[in-house]
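Naming follows writing order (A, B, C and D), and every chain is counted from residue 1.
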Amino acid sequence: MDHALVVGLHLLHAMASLALVSVGLAVIFGMLRVINFAHGEFLMVGGYAFVLSAGAGLNLWVAMLVVAPAAVGALGFLVERFVIRHLHGDIIATILATWGLSLFLIGLAATVLGYHQQGVAPPFGTVQFGSYSIGIYTFFVMIVAIVTIVSLFVWLRWSRSGLLVRGAMQDPELAAALGADTRRLRTAMFVLGSALSGLAGAVLAPLAGVLPEIGATYVVKAFITVISGGATALTGTTLAAALFGFTSQAAAFLSRPVVGEVALLIVAIVLLRLLPTGITGRYFRKAL
Amino acid sequence: MLTRRTFIEGTAATAAISMLGRQTRADDPISVGAIYDLSGPLQGFGDNQWRCAKLAIDQVNEAGGLLGRQLEVKLYDAQSDMQFYNQFANQLALRDRVAVVQGGLTSSSREVIRPILHRLDTLYVYNTNYEGGVCDRNFFATGATPGIYVDLLLQAAADRWGKRVYVLAADYNYGQISAQWIRKAAQSLGGEVVGEEFFPLDVNQFGATISRIQAAEPDVVLNVFVGPAHEAFYGQWASAGMNQRIPMMSTTFGGTSEIVRMPPEVVNGIMVIGSYYESLDNAFNQAWLPEFRRRYGTDYGYLTDVPIKDWYGWTLWAEAVRQAGTTERDAVIEALETGISVDGPGGPVSVDPATHHCFMDTHLAEARDGEFRILQRYQGVAPTNPAAQCDLQARPDTNTMFTPDI
Amino acid sequence: MTNPPLLETIALTKRFGGVTAIDRVDFRVEAGELRCLIGPNGAGKSTFFRCLTGQLRPTAGRVRFGGEDITGAATHAIARRGVAIKAQIPALFNGLSVAENVRLATWKAGGRAARTRKTDEILAVTGLSPLAARLAGSLPHGQRQWLELGLVMAGNPALMLLDEPTAGMTRQEVAQTAELVRSLAKERTVIVVEHDLQFIRMVAATVTVFHQGQILVEGPADAVMADQRVKEVYLGQPPTPGAC
Amino acid sequence: MNWVRERAGLLAAVAVGGTLIVVVPVVAEIFALFELTLFLVLAILALSLAWVWGFGGILCFGQSVFFGLGGYTYAIAVINMGDSTVPLMLGILLPALLAGILGYFLFWQRISDVYLAVITLAVSLIFYYLTGASAGSEYRIGNALLGGYNGIPSVPPINVPGLPEHQVVYGDLYVLTAVMLAVIYGGLRGLLATDFGRVVVAVRENEERAQLLGYDVRTTKLTVFVIGGAIAGLSGVLFAAWGSYVSPNVFSMTFTAQIIVWVLVGGLGTLSGAVVGCVLVQAAMTWLGEAKLADTNLVLGAAFVVLVLFARRGLVPGTRSLLADLRGRVRSAP
């Protein structure tokens, strides 16, 4: 019984952390149709921002929930303003640009920050279920993921600015004709997506550590999750993260970790074969 | 064109070219080759490897060089990419005509360059702990092999906590072979391996594993993790409160300054084994470590036995050249095979003529507040596991990599 | 026993989610006929065309061409049977030259020499010979229309579907196009979707009126124009070019 | 004069090819040839993606899978057989076969764009994990140990068919590779000039229009994909023979992204761009590894971003339009 409960919690955690890792990419992909290959490095920068400011004596929660998203949001602003904007949505050019950015950020982190920044231990204690224990921080990660995604949904669904964003996602020209400043909107959404990546990087840092190359462990799964989600990025990504997180963790429980990794990829392939335009290509068209 | 081809046809001819190239005037510098990962995912290892190597080379040069000649090091950054090891090894042997090549970190990098340097008659010294088994007259290893380490660790665990061990290892030759040694060691101690899991190098979710360990309730967990993704384990282990409940040992922890990067509350108590820790109080280290810090500052992380072996590798080679009176390969090999010995920050190290691996002091230590506390010293530990099949004195033509007979 | 019609649909239906774009349409065209389809925006004309070419798979019903069932067949297979379409917005190979565009459509002509001859011929007919080396993507709209017509003609199809061939054309070009369509219809069956009543009068064809996915009326042009129901449909929602 | 101008690209290619095959082996040092061999091997791989993506319009993020499969197939087969002739064939055939199966899976379901990219990437990563999980003596095929992440070392070189003792190494391997590259480049250009080549480009330009003209887009794409797979496989064979080594790394995200980068740097939609991009990027990385001026990632990353900003379509198209500009200016000058 305890075992089932613990397994269930681990499954939820895997789903939540995959969603958290992917959501920033989903916002950027959903709004700008830009695949940000530097996404992993945005998470890395978020992790460093958190670890460095916490190490400098800043309150842990301020460092995690404010400084990290703000820092990566600022980075996102610069990237959008000086690179992405000038590519005019050319998907091929953005692949090369963001890949270059990814290498650049890794190199920068390796040169400037080095490999010796001290990490932060996961706060909180543990809860006990019979002979099993789980870190309370695990629940915290789930809560952050849920709060992030739910507030995005609420904002897009019910606020005026959310409506504007949805309109611009559907038809940028029409939105522009109706007086929306789509250029500023694109910048704003890129910054939002970056900030969310920064948040995710910071929240996961105590569990994953921070190194210049840490982004590589995130980017592939985030990429596959977001694309498999399909056209309606937020709903799609949430569903895909749940499916993939569940599959890989369940397979890892039943067998070896490598089976978990492969299972995720196979499910992604089968899914895209059955729904060639992603989960939300066929269903949930009216979702966000 | 034709002459070139006939030249390249046989290795003997190639050797002749290299020999010709090495005939130099008495005051020319001696070219030596170094390949390290100074960028890419392995930079965390490569930076300190190179610092230690350079210290040894600089010390030789500052003391007047070798045979009255300065060492001129050709350094290449392999960028954590095997194809560059290939390119640069060829370049060092064919263009730079170096007297020795040292470097490489992963077993794959070693197995890429070792055959090349063997074929091109250029001496190769490899300075990293690895799974063991290489038997090649042109090859010397200063690194330790896991057989020795796991024996000592499990003995220490049996003395302190018990004999039921849970093994976590990288799904990697090093991890697989280590796991085999662990099984054997546990058996001979009368203990048992109650669980064994292997992880691809980029897995960083350990929830399932941690709950399985909780179910198995071992006396001790022994990990052989490799790479940055696996580091995530420690945070997750501590988050679940396990670092207070089950002791943890590792043969790999510490290699990339984890001890200063990870919060003490996460890693305190992890028991490790290796030939060097900064906290060693021998006289040599008391002078050596300040010298290292004088040259490189203090922002290098923390040195353990992986980078330090590069200092030994270069120092051993220099000693052999002095003894041989020449940089010529065969003479240097013969000098090394006399069981040559040097003192260093981790204690004296000497070459085993039969296996071309090294005898060295080994220390049991425990992570404590950003430092490794030395628990025990084992003197002159022998390179046991390649010894079983490899005898380069009896069979100098051997050129192979044995799968250790476990 | 009479010959089967060249094209026949039986209760052809296409639904998108909850919307029924084509609703049980029974439609037939005899060989050699020239037919106009009209109807207000959203009446389902373009969707109907796309069901005929296999670009869309009908939800229900059958499509017969030359007596054979081609429902759900692959687009290219239907094209090979001799159905060609000029889309509403010209679909060309923008990165290829005008001549290469045409040449690609001439594969039925035979060997290399025959294809070259056919290409030259089509370029001449459409007045594009001087522009043969230009990239299709760089042509102005009117000439894109001509080029696409050229592509459709080059395959020498038995059935030609033209979706608003005169959109964006000048009055004079409309007249030219009408002339061309009339001459094309001499050797084959042509179905034209058109809003331009002047054009319809010029080609003097039988007219089928679509409304809300169904056939409202069918008959000679003048009679249909005079029909009260047609007037109501158009008064309720006057035709605007550019959308379906 | 006009004749020359119209065929300037072709003439340049012939000149470069001739120099590479005939002149370079005579003047260059062995180590330089050795390095150049690698660049040309990888250029073949770059060509395969330039063909599949730039001309076939298939956004394949897993070209590495055919390269890696070619390398692994060759390594395993040649270790077991000794003579390299059959292994070389297998190293081309097996990737082509996989491309056929994968292509059928992809194109008959009309999977396109980024979704196709994700599937091909996922296939490559599956190979990455599976080969990576093959450490241990139980994973062996005949005499070949798979070796997990360590890969397969000591892969025998290519030999003259039937004469295992006549190994094709260093200068000879260089000439073989350069000839292969020239043959493939010429072959692809020739293919593009045929009616089939037109159809390939037509499918890229407007898939629906091609279908409406009666072309079976699926078989066209499949053919393109299989040809691309075979070329990538050959490149993998040469890579394994060059380095005597193959490891799961060839299936990794980093490696497959590198192929995309070569093609984009040189210019998508050109064949010469892929070769130029690949050789330039590889040479730059090698140079940075030797010179150690700064972190390789830092320099390379910045270079890519700057390149995208100033020549969005890549070096070769960028240079072409620059030359055309200059020519126009010269002509319009009084």
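Everything that follows uses one rule, which is that a contact is a pair of C-beta atoms (placed from the backbone, for glycine too) under 8 Å apart; a residue touches a chain by one contact, two chains touch by 3 or more.
Since this is a predicted model, take the numbers as computed values, not measurements.
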item	value
Common touching chains of chain B and chain A	D
Touching chain sets, computed without chain D: A, B | C
item	value
Between C-D and A-D, the pair with more C-beta contacts	A-D
Farthest chain (mean CA position) relative to chain C	B
Mean-CA-position distance for chain C and chain A (Å)	47
Centroid distance [mean C-alpha coordinates] between chain C and chain B, Å	74
Whole-Å separation of chain centres (CA-atom averages), chain A against chain D	32
Interchain centroid distance [CA atoms averaged], chain C/chain D, Å	43
Touching two or more other chains - residue numbers and ranges from chain D	129, 132-133, 295-297
Shared interface positions of chain C, touching two or more other chains	none
Multi-chain contact residues (two or more partners), chain A	107, 110, 216, 256, 258, 261
Overall pattern in which the protein chains touch one another (line/ring/star/complete/other)	other
Touching pairs - complete list by chain label	A-B, A-D, B-D, C-D
Residue ranges of chain A in contact with chain D within the complex	35, 37, 83, 86-87, 90, 92-93, 95-97, 99-108, 110-111, 216, 219-220, 223-224, 227-228, 256, 258, 261-262, 265-266, 268-269, 272-273, 276-278
Complex interface listing, chain D residues touching chain A	105, 109-112, 114-115, 117-119, 121-123, 125-126, 129-130, 132-133, 253-254, 257, 260-261, 264-265, 268, 294-305, 307-309, 312-313
Residues of chain B touching chain A in the complex	39-41, 43-44, 47, 171, 197-200, 202-205, 207-209, 211, 214-215, 217, 228-229, 231-232, 234-236, 238-242, 245, 256-257, 260-263, 265-266, 299-302
Chain D to chain C touching residues, read off their complex	195, 198-199, 201-202, 204-206, 208-217, 269
Interfacial residue positions of chain C with respect to chain D in the complex	53, 55, 74-77, 79-80, 84-85, 87, 91-96, 100, 103-105, 107-108, 112, 115, 151, 155
